[in-house]
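Okay, so chain A shows up in both of these, paired with chain B first and chain C after.
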Partner chain A sequence: MIIGSQKPIEEIWEMVKDFRKVLVFGCNTCVAVCHAGGEKEAETIASLIRMRAQQEGKEMEVNHLGVMRHCEPEYFDPVMDEVKKYDLVLSTACGVGVNFLSDRTGNIPVYPGINTSFYGAVEAPGNFVELCAGCGNCILHMTGGICPIARCSKTLMNGPCGGTNNGKCEVSKDIDCAWFLIVERMKQLGTLEKLSEVIPPRNWSTSRDGGPRRVSLEHIRAYEEQEAQKAATAGGKK
Partner chain B sequence: MAQEKIEGAPMPYRPYGAEIKETRPYSPCRAACPAHTDVQAYVGLIAQGRYHEAFEVITAPNPIASVCSMICHHPCEQSCRRCTIDEPLAVRHLKRFAIEKSLDYRRARRRLVQKTKGKSVGIIGSGPSGLTAARDLADFGYSVSIYERHPVLGGMLASAIPPYRLPREMLKEDIDDVIAKGIEVKTNCEIGKDVKIDELAKQHDAVLIAIGLSLSRSLPIPGVDGPGVLLAIPFLEDVAFGRKPCVGKKVLVIGGGNVAMDVARTARRLGVKDVSMVCLESAEEMPAWKWEVDEALEESIKINHRWGPKAVRREGDKVKGLEVVKVKAVFDASGRFNPSFDNDQTSLIEADTIIITIGQMSDVSFLKDSAVSLDERGRVKWDPATQMSSAKGVFVSGEVVTGPGSAIAAVANGHRAALAIHLYCQGEAIEGKLPAQEKEKIEQMPPEVVEKIAKEPRLEIKHLAPEVRCDSMVHFEIGYDEEEALKEAGRCRGCGGGAVVDQKKCMACLTCMRICPYGAPVVTSVSEIRPEYCQACGLCAPECPAEAISMVSYDVREIRRTLPQTVGRIEPNRQEPVIAAFMCTHHVGVLGFDLPKNVRTIPVHCTSRIDVLDLLKAIEAGADAVAVVRCGDGTCKYRDVARRVDARVKRGQELLKMLGFDPGRIEILSAASGNGGNPYAAVCANFSERIKQMGLRGTK
Partner chain C sequence: MKSGSNLEKVIASGKPAVTAELGPPMSADGHEVRKKARLLKGFCDAANITDCQTAVVRISSIAAAVIALQEGLEPVMQMTCRDRNRIAMQADLLGGAALGLRNCLCIAGDHQSFSAAGRLKGHPGAKNVYDVDTCQLVGILKKMRDEGKQEGGDPLEVAPKFFIGASWTPMADPVDFRPVNLMKKVNAGADFIQTQGIYDIEGFRSQMEKIRKMGLHERTAILGGIIVPKSAMMLKYMDSSVAGVSVPKSLIDRMNKVKAEAGEDKKKARELQEQEGLRITVELIHQVLETPGVKGVHIQAIEWESAIEGIVKAAGLYPRPAFD
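Our next item is the complex of A and B:
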């Protein structure tokens, strides 16, 4: 799941202060689970902006709205007419949602109300941790199910480094050394000897550095395209 | 199954959440009430000091609510879910309290109803059933006439139930509410004698026979006929209408039911010191309510169990006593009432007056030779699915057809009859349209929940001491004062008023499941909150990040909308800070409401329901500060509330700080309640002072 966290109100204010009608638009999936940008938080941010505007003596109309997800158009399509009544949409969805919506609002800008932080798990209520970096080429079977890319401060592929210290990372004593965890876990699994194989240099082109990534499922696309074609030849418009 | 909406049906008062409640299982108290009074709703309103709204909820299904607050056998209490924890809620006493608090309100709200239907209905009998039908039909817009053979309205409530249990002023208020709608009343008018039933049927578009059971049954034993042997109903009628019945010094009442209790206890109040009873049943088998028996025993009434009447013994004209025979068994092998006797064991119970109280029957002699047929046992033939007799347009309701029961059951049946009459008058089919009596209800509390709830004994009301109360017909129960009522109302677990999930919004984040102290939510693809577990504490709703949870009763959204009005106008030249105080209405209570004027109170069912957003919105509305006023430690009836609310207040403070406010503008205030004075006024005044130091917003 995507974890995000709210931006400080001052930063938000700087973004929104020159607009008259602002919609704080929440997403009720991942960022709601981490209490950053669901409908409830959107409402809270809206209230904070109104108060800030009051302090500045600015006339501003600030409302809020929420839909289930911002990363699929069907979810926000039904409210698009409403959304388009505003001068600015402050989205509290993750960055995916901000991008995605921004492509569909014409002249109306979509700004981010939260910082999209990482892919994480809910370790305990209110505690979210990063466990995967979305590198596009998973090696967890070789590292005891613990991701060195996301969890090693230096993204080492063959660790630990000399900075490991009683299971903690030299970067901070609050960070577990991922390679220490890997070794311990593989000991437990009886697969420690696998680590003696050197992991060859990785091809990072599957990760962030090769331009935006796309997954295209041929079997689903093929059908969709056929349908689109049918509609087109029937004189229909999509 | 949801009931089909009937066109033109009057709209009774609906508390917040009433619509959604209809789609969910009823609280057991409500399901048990024959009229389905929403006990949970009104008890909760009482707990918040909202007495007039409580009154509306109480009277919406029940036109004789004052009466019921005195004499109802309260099946709601018998089925209260609190029974599994300690003792049932004192629902009837709370009802009385709310009604007493609403006397001026109710008188002021009496209104004539426009007669829009252009049709008329004649109602024979003014007992609970007839009165209910009269009220409903007037509300529907019909012209209604009531025909009553007695000089006053009320049926058995006026003519039989002794005044020491039912003060007539209470009955009068109920009747006045109904009559004020514009109902024609014909008292001293006996149908069959003064007007013939067929004539009546011609005068009206429909007729309702609601004549109850007005004849006492007698016993076919030697010696019954003659002076000194009385029947229950005439005896009680004499007392009710201020005619002194002729009783001796030693009264024996035959019978073991509730009416027998009334007769015996009434005899005591006529100055008879020696009153005894004789009944077939053992103490455990007696049909009378246990509390009635206990109160009778307190009044030194003796009960002879397991004796059957054999003959009235007389000396000349005078009654000497009752010869009785020992009962072997009251019920036969299949559990049916079929007493058997041991004829070798007999005895004489001495008495100079005997009152027979073994049941009632209806007087339907006036129906002979009319279009209304009687069955082979002389009872009115009727169809329970339509409430109609064999004569078209002539309906029946109440005890005349249902047999003996309670006043509130007669009310429930009166509602059905009124609806049937309305459908009939509109030319619609009746069958299948009358509401089902049985309602789905919330299960009893699971043991793992019961053990999490603190025991809190029921607050019993006081009675006049037996020595005092037997001297007169004065009402013997002493109602709650406000403090007692609030305390008792606070015991209610709010069954059915708890959390519901909007499944279109829930995204299965598990927050509610993690938070609930009682394990009520189960989250699979969406959350489902199990009503039998939910204690309606309200903790989960403000935490749901998708705003998917609302509370059926007393949801904060009810107050959120009006928050700006509640905070009110902010004077730019004010001297005192405007403080928005969210107040827990339990414990802190309505009693603490006497607060400085600059404190604008926002009563909440429990501080658990307040959201960070509510705190912010109060500031947004212009308040100089926000107080969350809650009870002192250990008095909250829910679990985990304090620490969750602490966390929310802390978050609110952080957000305020981000805006450059002093975070101290949001604070939790609490005080130990119950130690006299007004501790909440003191803490609020103190807080005001601190805010003054911080400065008033927008002033110099």
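Our next item is the complex of A and C:
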């Protein structure tokens, strides 16, 4: 899932201070799990803004709201009339949600209420780790299920650099060396010999380097268009 | 000859090769490069010109290498994978070759977070590239040289003829994978290898035994890395903090002993430690060169280029072979 982290209230205040009606809009899927931007956190941020406004002597109306997802219209469409009553929407969804909602709010700006950190997992309650970089061409079968693109500080493809120290990355003692983990895991799986092959330079065009990406499922698009046509024809008969 | 470089000729002659290192300055001071080049000229077969080591901005390896060449010192240009994508790398390789450079060492490069150290602010917020890794960069150089093709496949009318190098840290984690690491670099096309600094001769020899069993010592020229120690503090730091470097207690004890002999006299303590450091260096050079499969030494006297002449002479490695 997508892991987010809270922005400092000072930064949020700088964004919102010149607006009169502000909606802090939470998203109750990924960013709620990581305690960054669900409805509960949206409520907290809203009250922090209200407190700050009071301290600064600013007249502001700040409310909060939450929906299941900001990345699919069916979840926020039912509350759009409410959303459009505000001068500013501070979305605490991930960046996907902020972009997506912003395209649909007309003259009302949508600002980011949190930082979108990475694709990760819940290692332990309160501990979230990055495990995938969304590069668009998965090679986890070749690296023991451990991604060197997301988890090696240098995205190395052919083994560790010279900086591995006691199994840790040269960047920090708090970061595991991905290649140390890969080697140990592949030993356990009995597939270490797979690492002997030199992996040639990657084609990064499936990653962000190919420009913004889109996945289109033709069969689903065809079905949707068919249904739309049917509905239109049925409407015509009336 | 693959490149016709002096380093390649020395290695082909079967005599032990000696490479040294020249760190370019953190300003546009080309004179500093010339000064260091003059200190090294004649005492090594080629000198590595570091490529923004520890991610600190310095005169580029290529520019400093050309200055060294003008001074009559054969350079080994270094290229990290940190700062360039494959387009910039190949452009610089073509440029370097056109300017007369004949050796290139491919390395991953220290992470940019290293640049903010001590009094330096560095650029820890820089974006790193790593479009390709070391193995892949070695392969690109080989493809350009031997097939006359760019990585993407487009032909090169004039191919850059580099003697291709890579680094190797024999004793870093995971230790049992390090020989495979070396094999991959050799399979990719590394003609020579310079290792991380060696103090633990036993550890190095045990890794070299594996390398010989794999036959890698016959497919590439391994130059053992020697980092000239200056003080007990430096040895302790390297032992505790530098990946893949462990320093036997006996060496640290030797340094501590001469330091203690100087008592309160700090200047004398420094001089005595430096002298002991030079003695240790010469011993290490002999021990590394006596290790079967080793074809030479790579001596790093960090910010102490003036020490190289004495070390090479004391080790019996002077004069260096000369070719017409």
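A few comments on the model shown:
Methods note: the second predicted complex is superposed on the first by the 227 of 238 C-alpha atoms of A that agree within 3 Å, B and C clash if a C-alpha of one lies under 4 Å from a C-alpha of the other, contacts with A are read in each partner's own complex, and residues count from 1 in each chain.
In this section, contacts are C-beta pairs under 8 Å (C-beta built on N, C-alpha and C of every residue); 3 or more make two chains touch, one makes a residue touch a chain.
In this text, all values refer to a predicted model and were calculated from it rather than measured experimentally.
Placing chain B and chain C on a common chain A by superposition gives a fit, with no clash between them. Taking the Cα centre of chain A as vertex, the centres of chain B and chain C in the superposed model span 130°, given to the nearest 10.
Of the two partner chains placed by the overlay, neither chain B nor chain C lies in contact with A:L101.
Residue by residue along chain A, chain B and chain C are tallied for touches, and C comes out ahead.
In the superposition on chain A, contact of A:P201 is made with chain C only, not with chain B. Of the two partner chains, chain B is the only one that A:M51 touches; chain C does not reach it. Using the contact criterion defined above for the overlaid structures, shared-chain residue A:S153 touches chain C, although it does not reach chain B.
Contact with neither chain B nor chain C is seen for A:A178 once the two complexes are overlaid on the shared chain. In the superposed model, A:M68 lies in contact with chain B only, and not with chain C. Once both structures are fitted on chain A, no C-alpha atom of chain B lies closer than 25 Å to one of chain C. Shared interface residues of chain A, touching chain B in one complex and chain C in the other, do not exist.
Of all the residues in chain B, the ones that touch chain A in their complex are 505, 507, 509-511, 514, 544-547, 611-613, 616-617, 619-620, 655, 658-660.
Per the touch definition, chain A reaches chain B in the complex via residues 8-10, 28-29, 32-33, 35, 38-41, 43-44, 47-48, 50-52, 54-55, 66, 68, 122, 125. Interface residues of chain A, counted against chain C in their complex, comprise 153-167, 170-172, 177, 179-180, 183-184, 192, 195-196, 198-202, 204.
Those residues of chain C whose C-beta lies close enough to touch chain A in the complex are 81-82, 86, 108-111, 113-114, 128, 130-136, 139-140, 151, 167-169, 172-174, 177, 180-181, 183-184, 187-188, 196, 243-244.
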